[in-house]
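Same chain, two partners: chain A is paired with chain B first, then with chain C.
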Partner chain A sequence: MIRQRLLACLAAATAIAAAQSAAAQDCTINIGAVLSITGPNAAIGSAIGDAGRLAVDHFNEAGGAAGCKLNFVLRDDQGQPNVGVDAAKTLVSIDRSPVILGAIASGVSLPILTSVSVPSKVTQISCCSSAPTFTELAEEGGTQGYFFRTLPTDRPQAVVMAKIAKEKGYGSVAIIYVNSDYGNAMAKNFTAAAEAQGIEVTDVVGYNQEQASYRAEVSAALKGKPDALFLVAFPADGATITREWLAFGGSKQLLLSNAMRAREYVEAVGAQHLTEAVGIDNAQTEGPSVEAFNAAWTAEKGSPPEGPGLHTMYDATAVALLALEKAGAPDGTAIRDAVREVTGGQGTTIYPGPEGFAKAKELIAAGEPITYEGATGPIKFDENGDVTGPYLIWGVADGELTTLDQWDMARVDAALAEVSGQ
Partner chain B sequence: MTGLAIYLVFFLTVASIYAIVVLGLNLQWGYTGLFNAGIVGFYAVGAYGTAILAGPDRAALIGGFGLPFPLALFGGMVLSGIAALIVGLATLRLRGEYLAITTFGIAISIQLVALNFESLTGGANGLVGLPRPFADRFDDPDLYGLVFLAAMLATVGIIYLALEAVVRSPWGRLLNALREDEVAARALGKNIAAIRLQAFVLGCMLTGLAGGLYVGFIGFVSPLDFLPILTFQIWAMLIVGGSGNNAGALVGAVTVWGLWTMSGLLISRLVPVGFHAQAGAIQTMLIGLVIVSTLLFRPQGMIGERAGGARFGRSNAPPVAKDRNWSTGGGGQQP
Partner chain C sequence: MLQAIADGLLNGSIIALGAIGLTLTMGILRFANFAHAELITWGAYVALAVVAVLPPLVGAIAPFSFGLPLLIGIVVAMAASSALALAADAAVFRPLRARRSESMTLVFASFGVALLVRMAVLLIFGGSAQYYSNELTFAVEVLPGLMLLPDQVFTFGLTAALWLALHLFLQRTTLGLSMRALAENPDLTRVNGVDVARVTRWTWIIGGSMAAIAGVLYGLSVQLRPEIGFHLILPLFTAAILGGLGNVTGALMGGMIVGLAESLSVLIIPPEYKPAVPFLILLAVLFIRPGGLFGALGVAR
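Coming up: the complex of A and B.
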């Protein structure tokens, strides 16, 4: 029994070693991603993986990067930090991936960063982790600059929502938020921004996910008789809370966070109750770079890219590969430094897609500066590896989700400056 | 070192952390018959205890004592011991599945406390910037990994030898007597409650120690690390390896953790890139399949409990009768 097991292990190890030597001959660079294919984020994980693969395919069509073909390796973290860390370690040490793309949950991305990426000097770019702890760690020097994320942090979103509350003339707002890193940060930042503008925040109530009823939370939030409710939730729980909120006589003036921009939510609550609600989302604003991605995705998949993380994952992968091309070799530290050279607004603009990447390769070869404008619009990382993004404001009209307003980066930056200036 | 060797060092380090937890559970279940379904709770207490004692001082947090790592590790272990003592005093009069449900609930409560007690645990964001012990003395991360592994193997070795000595001692035989027939043990004048509590606290302290070592190795801790699935993983390790046998616990930890992680590696090699998204589900099914097959075809685990061997050592003890009553114990069946 044990001998058989040993033999099986040996066979597996040989297979791995053989695959490794074969890879070396063809000059292939593995590009590793750690995402949740199973587990709590499984519903969105595999589509996000497809977005990463699409970017790698586009690069291969353009002739690869750093003189080699690229091979996208997607690993599942099962929503568990210990599994994700192990997957990342195999990607770095066995597959020799010079970058780690991912993970989705902040609680998985962070241990990968501290125990794999930073010690092994590998650049990590996350599509989806929004926790403020990354910024905190970067400020302390804990990331050594190896961490980037293409998803805007929660703070600008909260600040924009507070601005909208002010514009709408709400004097007092209650907050119900999901008790996660995401919900916590949104609630805190919104409170600070709202109070800075003279809006009273009556009650800040956290809720734990997947309960049958949230009456206790709703009652607590109703106590201060607020003009409006800022709800930070995910669609299913959010719908339950909204229904109970309205049933107990809460205001129809709802401010909704990005995750609730889903048909599922509108249908569960009833569109007729949401006529005064406004929500926010990370904007895939119009523009040639966004259109280029949307068209490429639609051509590949047969349906437009709808769902969280697709645009940001494509951009995370594209930035990593452009930086790899710029660095000229699969070296994590060189890629880290090159990331800032291929983004940030200096040089010829590069759009998503094989043609864009082919153009980028030519320009890099000629020593010309480039700047990537991606599926989420222009990308600029600050010193902590965070991005500020454009936002859209959505509402519900005639039973459908509609876009009410657009906030480009200049407007977001102005709002941020105004709130922190006061 | 080659990539594979570097990875194996990493893998074995994590596996040996789990091996310590499995050894702790084996003491509770394999030898004493205590159905602890709240392993992850004590793992969390040890992890957070170590993190809070060793972490840097922060304005927003109560903790951050910045103690040297070994001291913090010891503190984390003591804290899980205290937690186990409190839980044990309250629950150990429960038997079997009742104890399982209670401990399971306690573990979930501990995770919820970690999620909500923001000023102590950092809440959902977790605690960042935790020092990895002595990492600054090594320039080469691979060498550091190797040294860390050596320290881990030494720790596991010491714990293994100590537990072997313990279970062969009169106290160890008492644990077994308790597992096999509590009424008989009580009839012999033994203090059942005290012995059960001792075994429970000792096992949980080992679990807490492993939690602290995990924090030291990863350098970060968040409530996501302590989901109930970890309890299931640890149980799978013990059952697959062989409950009631410390060597089985070690083998089980390496085997199950290897299955859990290397199946993903193998699948990522064998499955074409276009199907990697589906491969994750295959991996999960594969893990379940192997565990179920082990239970069906080798219920005593890879290394089952030796008849008497583990308990009576190599002395000239009389052979144990083959028709012992196994219904109350965790030892599985005799071959």
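Coming up: the complex of A and C.
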């Protein structure tokens, strides 16, 4: 049934593509992204936007997609769900973007998905939203398959952090978490994993973003005099909380979530106070496809790609554009179905960069299968649009962010099995 | 408990300073000035620019986290916020008043001014969080269970000093008397030969200066972001209404009550609900004592 529909779609798409390539490239397709240029994620948002723009530029150098030139349209969600939904609506109804890339915060991506992407039948690919809510929604059929993300979900992150707390010998940990889908899930999963290993969780304190002061929250978390603090936050608020935590006598043994792997955070807190802190982030897998992206970014920006979301945003954009080329027309549903045809490991491997995309266009035109191996390594979406991936453990040494350890998929799976087995 | 009270009072001092300026302009100029909160942001960032430009003359003055540059920054910021307030008055509010526009028109105009200022700050200084000093100072255990930062003591002391100065100014000087008179009865004041334009000007200068100091203190104790003012609007209005419009001492008390309520609420309700506390206080006051807890427009007559 689905296969038949796919074939029909493909046939129609190829016909349109043929017609369009005859009409030369006087058309433009807007590729819309909703990211945080201001607000709590401002520190990482505009660089993530640059990563998306780079992928679009690479595709334009390779000759565009679906017979058209591509135009990257970036809109600011200010970190607020209502602003994000408005931005997404504008992208779909005015800019006619067949895809929505973003958002960063899960709390913004979710309302965009349910009130814009799914009703408008537009494919949404997020670089950065890792809340498990999306998996649950997909399982219930709420996403209708229109949602994909290039960043693995949170649960393994929380479990790995709990494992590290155990390895470091912390007997008690307090949690301060951002009050959002993402933060709630991290706090819940960490608590379960920590308690399963015999670590006492003294206080679990949620905070709302952009408050005048977090002293009350910090005081609440300090009450139980824990050995360590697990902080789930974004860089700006996270820095304030860390400063207040340390100033009021909190432990220097910090466990940090992925978004704080940003130079802004380290500078704001002071590197000398973070020597005992460890954080987690999605690892950049190694390999030629990853190097291809790193080289392209360095050539463009003059410094290597550091910080959360850059690799995943490039891949989110690249997957969307390859699927657009495969679909042959800016149609959200055709793109949704084509996403799985350009990823998943079947066919000729495509690397990031203009040459890779040019090769992909040739192969797609010839009807050959391709599979994209991106800035985050090989990409395979499961039935819920999720990917899995390895993690890295980071710390701060000599004033710089450094990588302390790598967790490959096998080690992550073993930790998950161990914690849920008890 | 002790810690929560101390935290609340310190947070309350910042709200109080902002609310004092707000209550003066609201009481004397008779409209709800939403742009007032942006004067706070503007002042905080001007001081940041001063700190960035000046060489660290003598380094930090122990035990505080800041040095002479920030103190100079405060003075420059007071001038800059006053100038901005006067400019906004000259360009927007005065022409509207001259046309005898309704107060709602002024309120909406103030929204426009607020947006302009916020976006200007964003353009000039960027959206990411900044600090006056990246050095951390550590809290000292003053009493068992009570930790204080030296900067917090400075904040509290400065607020108290400013309140006292302003109180004396309003009670003892002719200009202060004119201000109170204008708040009480504009027409009668005019008839009595008071230079209303001059009093208005000084109201803006005092309000702007207070806002600038509040901004710097906020930046000192939390961090600088273009949205500082925007996020303070609700606590500021709550404090001003709580104290009674035009009532400086009331605004001080209102600020402290809001700060304390936010801080103490965390002992009872989950911290996620803390931002709702000013809303609840505001509603309660509007229901029970619409004129404010300390009576409107009076400065301890």
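Descriptive notes on the structure:
In this text, the second predicted complex is superposed on the first by the 242 of 422 C-alpha atoms of A that agree within 3 Å, B and C clash if a C-alpha of one lies under 4 Å from a C-alpha of the other, contacts with A are read in each partner's own complex, and residues count from 1 in each chain.
The rule is simple: contacts are C-beta pairs under 8 Å (C-beta built on N, C-alpha and C of every residue); 3 or more make two chains touch, one makes a residue touch a chain.
Small disclaimer: the values here were computed from a predicted structure and weren't measured.
Of the two partner chains placed around the shared chain by superposition, chain C is the only one that A:Ala216 touches, whereas chain B remains out of contact. Of the two partner chains placed by superposition, A:Ala299 touches none, neither chain B nor chain C. With both structures placed on the common chain, the touch criterion links A:Tyr207 to chain C but leaves chain B unconnected. By the touch criterion defined above, A:Thr38 lies against chain B and chain C together after alignment on the C-alpha atoms of chain A.
Residue contacts after overlaying the shared chain place A:Val269 against chain C, while chain B stays out of touching range. Of the two partner chains placed by superposition, A:Cys27 touches none, neither chain B nor chain C. In the overlay built on the shared chain, the residue A:Asp50 is in contact with chain B alone; chain C does not reach it. More chain A residues lie in contact with B than with the other chain of the pair chain B and chain C.
Of the two partner chains placed by superposition, only chain C is touched by A:Arg243; chain B is not.
By the document's definition of touching, both partners, chain B and chain C, reach A:Asn179. In the superposition on chain A, chain A positions 37-38, 42, 179, 206, 208 are in contact with chain B in one complex as well as with chain C in the other. Of all residues in chain B, those touching chain A in their complex are 3-4, 6-7, 10-11, 14, 112, 115-116, 118, 122-126, 128-130, 132, 135, 141, 144, 217-220, 222-225, 227, 229-230, 255, 258, 260-262, 264-266, 268-270, 273-274, 276-281, 283-284, 298, 302. Against chain B, in their complex, chain A makes its touches with residues 1-2, 5, 9, 12-13, 15-17, 19-20, 37-38, 42, 45-46, 49-50, 53, 71-76, 78, 80-83, 85-87, 89-90, 93-96, 105-108, 110-111, 113-115, 119-121, 131-133, 136-137, 140, 142, 179-181, 183-185, 206, 208.
Those residues of chain C lying in contact with chain A across their complex are 3-4, 7, 10-11, 14-15, 122, 126-129, 131, 134-139, 141, 147, 149, 218, 221-223, 225-227, 231-232, 235, 262-263, 266, 270-272, 274-275. Taken together, the chain A residues at the contact with chain C in this complex read 37-39, 42-43, 179, 205-208, 210-213, 215-217, 219-220, 235-236, 239-240, 243, 246-249, 264, 267-270, 273.
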